[in-house]
Structures are given as C-alpha cells and as structure tokens.
Amino acid sequence: MDVGFIGLGRMGRAMAGCLVRAGHSVRVWNRSPEAARAVEGANPVATAAEAFRGDVAVTMLADDAALRSVIVEGGLLDWAERPGLHLSMSTISVALAQDLAAIHARAGVPYVAAPVFGRPDVAETGALNIVASGEAEAIARAAPLLDAMGAKTWPFGTEPQRANAVKLAGNFMLVSAIEAMGEAAAFAEGHGVAGADLLDLLTNTLFASPVYKGYGASIAAKRYEPPGFNLRLGAKDIRLALAAAETVGVSMPFASALRDNLIEAIAQGDGDKDLAALARVVARRSGRG
Amino acid sequence: MDVGFIGLGRMGRAMAGCLVRAGHSVRVWNRSPEAARAVEGANPVATAAEAFRGDVAVTMLADDAALRSVIVEGGLLDWAERPGLHLSMSTISVALAQDLAAIHARAGVPYVAAPVFGRPDVAETGALNIVASGEAEAIARAAPLLDAMGAKTWPFGTEPQRANAVKLAGNFMLVSAIEAMGEAAAFAEGHGVAGADLLDLLTNTLFASPVYKGYGASIAAKRYEPPGFNLRLGAKDIRLALAAAETVGVSMPFASALRDNLIEAIAQGDGDKDLAALARVVARRSGRG
Amino acid sequence: MDVGFIGLGRMGRAMAGCLVRAGHSVRVWNRSPEAARAVEGANPVATAAEAFRGDVAVTMLADDAALRSVIVEGGLLDWAERPGLHLSMSTISVALAQDLAAIHARAGVPYVAAPVFGRPDVAETGALNIVASGEAEAIARAAPLLDAMGAKTWPFGTEPQRANAVKLAGNFMLVSAIEAMGEAAAFAEGHGVAGADLLDLLTNTLFASPVYKGYGASIAAKRYEPPGFNLRLGAKDIRLALAAAETVGVSMPFASALRDNLIEAIAQGDGDKDLAALARVVARRSGRG
Amino acid sequence: MDVGFIGLGRMGRAMAGCLVRAGHSVRVWNRSPEAARAVEGANPVATAAEAFRGDVAVTMLADDAALRSVIVEGGLLDWAERPGLHLSMSTISVALAQDLAAIHARAGVPYVAAPVFGRPDVAETGALNIVASGEAEAIARAAPLLDAMGAKTWPFGTEPQRANAVKLAGNFMLVSAIEAMGEAAAFAEGHGVAGADLLDLLTNTLFASPVYKGYGASIAAKRYEPPGFNLRLGAKDIRLALAAAETVGVSMPFASALRDNLIEAIAQGDGDKDLAALARVVARRSGRG
C-alpha cells in the first residue's frame, strides 16, 4: 500500500520500520527531519502534507497539541490530495478524538482510531496490541498495516473515541501497577525484605504478566534510565484519563493518587526518567529514597 | 510425619487434605468440630492441645485474635508435649508475628512463619505459593509438608515476621489490582465500552496473570458470589498492611484509598461478598453501580 | 466615574448595584438582557462593546470560557473606544489571567485582577474582601470602585495572576473546610452525636469564623437550597486550583480528594445545590446519606 | 472539694493549678514525680491509688496505654477507697471510653468523660472548652471543677464515649485546617505569593478563628518549635479517629490523607515539632520544603 507516516519518535520509527519490512511504500515525515532519515527503506518527505495522502496516512505523535497542530491547524484536511484513510495511532484525549472524528467526517476522510499498547522494543518486532475503533470497512482496509505493526488488533466498535478511552484505561492500570509495586517494595524494605526479592516472588506467581515483570525488574534494580516510557508521558496519560473520567461523572481515587505522586516525581527531577521511577516517591517519603 | 493441624476454614481444610493425601498422619482440630470431621482421612481431636504436638503443628486461623486466643491465651506453649515445630501459616499482623517468634523462642519451640498465596481451589490441588521465614533447619524439616501443600516455597530469611510482611505486601498488590480494574471498567463504561471487553483485552495482554484473569473475570461478569476470598478479609489485610507500614515510617497512598473504599463497600452491604465486589464502589459513586 | 459593568449574575448584579449607590454612572451589559434591567439606576446597553469603555470597565463573568468569549473572541480590545482600565473580577484560571495580562499590555489597556471573597448577600452590602494585583497606579485609580464594592482591598503585587492564585487558594480552603465538617459530622453521627450539636460546639469555639459558621449551619440543617454558591462552581474552582498547582510542581492531596468527591456529588445529582451539599457524599457512602 | 489529679503533663499541670487556685484541695500524682512537685499548692502523693479517691478523681493522661495502665491494670477500681466520681479528661479512643464506662459501672464508680479543647496556654487561664458526657447528676457534681478549668462545658448526653468522639472529630478538623493552610501556602508560593501574605488575608477574613489564626501564624513564620501540641500526638488522634470511624462504617478521605502525610512528617524527623510542621510535607514534595 501507499502509506504516509507522520511522527517518528521512538515508537513511530519502530512502527514505520515494520511497514517498510512488510513491503509497503512508506513516505515519512517528522517535525525534526533527522528522525525521518532514520527509517531505513522509507522515503522522507519535506512537508506533512506530502505524507498525509495516499492509501492510508498514519499518525503517531506525542500528544494532543502535536496532533492538533499538524492535522487541524496545519489544514491538512482541506487539501485536495487527502488520504484514503487516516489511521490515528497517537495516545490522545477522548475529547480530541471526538473532535477529530467530527472533523474528518465533514472532510469526507475515513478516520480510524488505533492507539497501541507496547513499548518501543515491542514495536520493533511488530508485536504491539492495537485497539481499533472506526467503521468496520475502514478498519478492514487498514488491516494489512495493523497486522504489520501489531500482534493483534482488538476492535472496539465504530465510535473512534472508544479506542482512546481503552488506551487511557490501560495506561491507568499500568501506572497503577507500578505504584502498587513501589508501595509494596517500600513496605517490604521497611521490614527488612529486599524489594527485589519481594517482586521476584510476586511477578513470577500471582502477577506473572508482561507489565509486572518489566516494570518490576526496573523497580527491583532501581534502574530508571534509559526511559522506555518516560514519567512525564505517564503523567500526561493520567491527566487525560482524569479529564475524560470527569466528563462522564466517574471519580478515580487511584488516578488521583497517581496524579499527586507523578507531580511530585517531576518536581523532584524524575520527569525524564522511566515511569518506573514513580516507585521512588514513596521510598523517598519514608526516608529510604 | 506426625502432624497436628489447627484451623479448618476453607483454606485449612484444603491444606490438611493435601497432607493426608501425601501420606502424613494428621490430627485435626477446629473450634467448631463439624469442620474437623470434613477432612477425610484425618483424625479429629477434641482439644487444640491434642493437635498442638507431634513432629509439626500447623496453624491456619482466620486472624490475629483467633491465633492469639488458641496458642497464647490457650497456654499451648506451656504444655509438656509441645510439637517439634510450629508451622504458622495464617495471615497475621507483623506485630503478632514478632510476638510469637519471641514467645516460641522462650518456650523452646522452633517457629516457622509460612503464609500462603492462593485461593481455596488452588489449595485443594496443593499448588499454593508459600512464603517461609525461620531457621533454615526448621524450614528444611517442614519441607515435606510445604511440598505437599504448595507448588513452591519461597524462603525469606530467618526473621519470621518477614514472611508475614511479604504476605501483606502481596495481598495489598492484589487488592490494588482489583481496585485498578474497577476504576478502569467504570471509566470505560462511562465512555460506552463494556467493562468486560476492556478487561478481556487487558487481562489477556499486558496483565495476563492469575490475579488479573481471575478477578477480572469476576468484575467483568459482576459475579461476586460465592466469595473465594471475602471482602471483609481483604479489608483486614489492608488494615494490617497499613499498621505495619506505619511502624516503619512508610505511607502508602494506594492502601489508604483502598481502606476508604473497603469501608464503604462493607457499609453498603458487600462485606461477605467476594473481594471483586470492591469494583462496585466506584461504579456506584458514578451512578452506574 | 464612568463605569461599564459586564456580567450580571447574582454576584455581578449586587456589585453593580453598589457602584450605582456610590454615585457612579454605570452602563451594564449581560448576555441575557433581562439581568441587565434588574440593576436599578444603571443604564443597560445592547452590546458588550458599549459597556467595555469609559473610565473603568468591570467584568464579573462565570468562568474562563465566558470571559474569553466576551473580551478576547469578542475583539473588545481592538476597538478604538477602549476603557481607561479593565477591572477583572471573575474567578478565572491562573493561565487565563496570565494571557489576559499580556493581551492587555499589547493593547495598551491597564489591567487589574481583582477577584473577590464573599457570597451574594455580602456583595449586596458592599462588604466583599477584594484581592487586587496590577500596577499600583491602576489599582489606585480603581479604588473608588473597589471601596464601593468591598470592605477591604488586599493588594498582592503587580503580577495580575497572583490575585487569581490567591482567590483559588482561598476557595480551596473554603471547600476543604466544608469537607472537613462533612466528615466530622458523619463520624459524629456514627457515634450517636447529632452533627448539628458537634458543629454548634466547634463553629462557636475553635472554628468561630464566617466560613465555618455559614456552611456549618447549612450542613447541620441539611439545607442545600437555594444555593449561595453552587457545587458545580466549587468543582470548577478546585479544578482550576489543581491545574495551576500542577504547573508549578505542587501536589495537593486535599484538593485531589475534593475533586473526587465533587465529581461524585455532581454524578449523584447535587451539582446545582449549595456547595454545602458536598457533606452528603461521605454520609451517603456510610449508608446514612 | 477533695480532689485527686492523675497525670501532670503540660496540660495536666495547668489544669490542676486552676483547681488549686479555685480553692479545692488537690492531691496530685504523676508517674515521674518531679512533675507532681511542680503544681504549686497541691499535695503530691506517692501512688496513683492515693490520688484515685476523694470526692472526684481527675485523670489527664497522654494516651490509651497510660490510662489503661494506671486505672485498669493498676487495679484502682478494686480498692475500697474509690473516688465519688472519675472525671476522665484524656483524649482517648472511643473503644477505651466504652470499656471504661462499662468497667466503672460494674465497680459502682460514676464516670464522666470530659476531654478538652485548648492548648496549654489556654489551660493555664482556665479557659478550655470542655466536652462532657455522663449521667447528668455526675456532671452536675463535677461542675465546680469543670468551671475552674474551662470557659464553658458543652454537654453531649449520657453515653461517655460521645464526648470522646466529639473530641476526636474536633481534632480531626483542626489537623485538616492545618493541612489545608499548608497546601494553600505551597500553592501560593509556587505562584510567587508569600504564604504569610496569603494566610494574613484569609485568617483575618473568611477564616478568622482561633485555630486558623494560631496555626496560620506558625505556618506563615515557619515556626515549629517549641511545640504547643506535637505532631506525633496529632498523628495519634487521627489514628484514633480513623479507627473509630471504621467501626461505624464511615470512611474519611481527608483523615486518610492526613494519616499519610503525618507518617511522612514523622519519617522526615518532625514528630516532636509542633503540629504546624505538617505544612512542611507538601512544600518539601514540591521541592520548596
């Protein structure tokens, strides 16, 4: 397929690489052009508009502001050569997802929300879990790309914001898991048990899952660099989850506690470290940080 | 081995049954004698003292009060015919664990703390994860029993309270996982996504572990009876974790949030339901309960 | 002075009335024109632009969106006949306060932020406490108006957003006081003590201050209508405080707890009731609501 | 009246002094005898039993453990020469208050619970607010003593634990006020407003009450020594409030947040400072501590 790919951070580069290796023709664009040159086999283009056309345009940007700036304020939907489908894979707010769905409908460009679960190393191997919402026909057309980037695509109906809600719910659970491990480790250490020993037990038995094993190992080793997923981005996702929950009347006490602790972690200088550094907050408070 | 087993709730009965099937001679005692008769192949005895002797005495009681009442106030350590080893498997406070260790040391009875992870159905099959603290020689002597009841025994050093701290840390993580799923499901439902669909995705990918799968299925199906592990007991464990954390200067914001929500769940009538019913709290608050 | 007054909700009407009674010539404008006719002795005008000129233009609008819509999007700062001073008295975000200060500086219109403390009945009598930030000369020019509306004006330096930060801090303390009384009353009632008796003691001794006496009486009487200050507006202010705190790296655990409880109160149908209805949240959770 | 007074900490000494000055004959006892000699005009006695007799015995001890040790474990209620009335003024748990009421009833000694509000300097001048529960006739008999120690006695019915519940509710509100001021000050300082200026405004207007003025001044001046009421005792009272709330199914989110922050304050070395030092917690978290 003729694909344009916009947004070449660590995740985007890995995902675009999968598309190239699956045999698609991929034009890539990034705000800072060095990143575009780093995708072997892809064709760097000079403007976002040159990427936002063809069979499918994929976007994988850092946040609401970036996506809104490139697509909406950049006026890409007003061009003649619009893509046959916009596969929107960024982690964005539910509110923006709703706006974008409406804007694309008016512009006549099919829109599929398809945020992903998985860190860059998972993206490299095309093994992401992809959550997709949009018209069934549009999702079907995107399937060859989704299959190239993901181990599995999980459909969540036609309303695009649903996929984004699912993504935020999942990231909330992920950050909660880290906080729970951090508190458990601080508690155990207070009682003379090495956090690493505690987490070795629990992440190999009751909690033997990728998230717990991965972040548990980082917490156990107090290894927070290089960041797989940085703490500031985690804070952003919790903020988006809280905002989206409030609009539907749902209060989330764990998310509120996470928000407080993430703000503290950033204030203490850990914003650019791996999200696992959240575990330092409770340890520091107890004087063992 | 010649074993006495005290405490035949759902967990105790299942564990005593494993010992019988492994060929041990097991005297069993329970405060209400009907339970004792329910362990096929075991020998019910009329008093706790008759059970608290032999090669190893195992205790599996509901809480601090029960264990303190039977062992300490019951004066069992003052008898001539004390057991060669006390294998103490109840989930109790760290403070009581320390007291018991000191009391047993004075009485000259080796003491091994060996709380377990796993629900009654896991106990039936002898597949518990057992956390053991105590003198290495004593743990080694108990090994045939531990192997009969558990899939694996995880050693945590010689100070008996450490095993109990590990157990409380693990249960804290378990209750945290339930709360996180409950909040995520309420959030998702507010956005039109069935909680069951969300949890199906997440518990088969990032969170594909026994705790998440088991409790996730209950939350998805809103199935809270019969209780595998009742909510009131979960509340007790969080209370014990908070108390033990406070003694070592550790604050646990998630545990505090759990405490509040568990109190609310009990006030709303769910104390005897399965711990998964904790998920009802945030749903009810949002008007979707 | 020749004054324009924009925004005639319950607070604005009362404040504009004070200006009229102090002998100022007051043009008034409100989005829905009936409110404008309700200010006796004032001169209703047909457009916001007609009000936004003269010696001083006062704005007292409900929130960021209203103020931004009228002043910024309405293009009022681009007109030739701009006022000699904009006295901005709405409770708005710190971020918007900063934006407005910059926009006014570019337009050459002196800007004074002057949010107020006091409910409508206090505003009627010109007894508000006014927090003012801006150039000293500009505040001095506005003094006759400030004196007509307030018992006292508290200066907080030249940076306009500081007055807004102070206002948000004060409202946060106010909502915290209500929550604390609500929790204390629920606790006391659980022990057979009437909440009214408890609050009678405490609000006449340790907590004998206007906020505690006023809201304490409402909580004691479970009287939540008519709203003096409605709960939804209180929720807005806590949201603004949390957002402004986050930008400067401050986490506020009480504010986070308030946010959760306010969301629940709104979800349970109390958004249009008096803020005192926040006390119902903990009572309801305990089954005594 | 012939009075025995047990417990001569800073509060007890001041209160016993008031009784002496009001013309009562006062025997005083304290575990460490130096304190007993410090009450001018009183008659130090060598044992608690010598103090626990006469018309009225007053107890003012530090906590549950001290009161239980002296009165219950000390066997004072088994003596022949028991007092005509026990006026129990310590801040203790609701559970112990209930136990003591039952024990005194069996021993035939009238029991009045009469905890107090006010710091040592207020106690010196006999201006405490006293909360009294017990049989009306017994409270009436104690009136001359209550009047000597307090500005006013607030009756709360016949069940003794109610006065203790009221005391805990009041202290919870007091600690909440400190936390709210601490968060507000940290927030304001983040925005360039001196905490002292903010608190000067608020504690002279909306929050012009003794608690806010007193603790507000300490927070503004960052003056935490000498302690009027030390942080560790404040933590004890919040723990008692949480425990008593749980027994009646009431969850208190503010109290839970306070508990976490008080644990952190103690872990960071501020346990022996004035309770106002609680304000340091949020400031420290934001990097401005």
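Each chain gets a letter, A, B, C and D, in the order it is written, and its residues are counted from 1.
Here is the rule we use: a residue touches a chain if its C-beta (ideal position, glycine included) is under 8 Å from a C-beta of that chain, and two chains touch if they have at least 3 such contacts.
Predicted model only: the values in this text are computed from it and were never measured.
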> Going by the average position of its CA atoms, which chain sits the greatest distance from chain A?
Replying inline: D
> Which of these, C-D, A-C or B-C, makes the same contacts as B-D in over half of the contact pairs?
Replying inline: A-C
> Rounded to the nearest whole Å, what is the centre-to-centre distance of chain A and chain B, using the mean of the C-alpha atoms as each centre?
Replying inline: 37
>> Based only on mean CA positions, could you tell me how far chain A sits from chain D in angstrom?
In response: 52
> In whole angstrom, what separates the CA-based centres of chain A and chain C?
Replying inline: 38
>> Touching at least two other chains at once: which residues of chain B meet that condition?
In response: 245, 249-253, 257, 260-261, 264, 267, 285-287
> If you look only at chain C, which of its residues touch chain B in the complex?
Replying inline: 253, 264, 267-268, 285-287
> In the complex of these two chains, what residues of chain A are touching chain B?
Replying inline: 94, 117, 129, 131, 152, 154, 156-157, 159, 161-162, 165-166, 168-170, 172-174, 176-177, 179-181, 183-188, 190-193, 197-198, 201-202, 205-212, 241, 244-245, 247-255, 257, 260-261, 282, 285-287
> Which of the residues in chain D come into contact with chain B in the complex?
Replying inline: 239, 245-246, 249-253, 256-257, 259-261, 263-264, 266-267
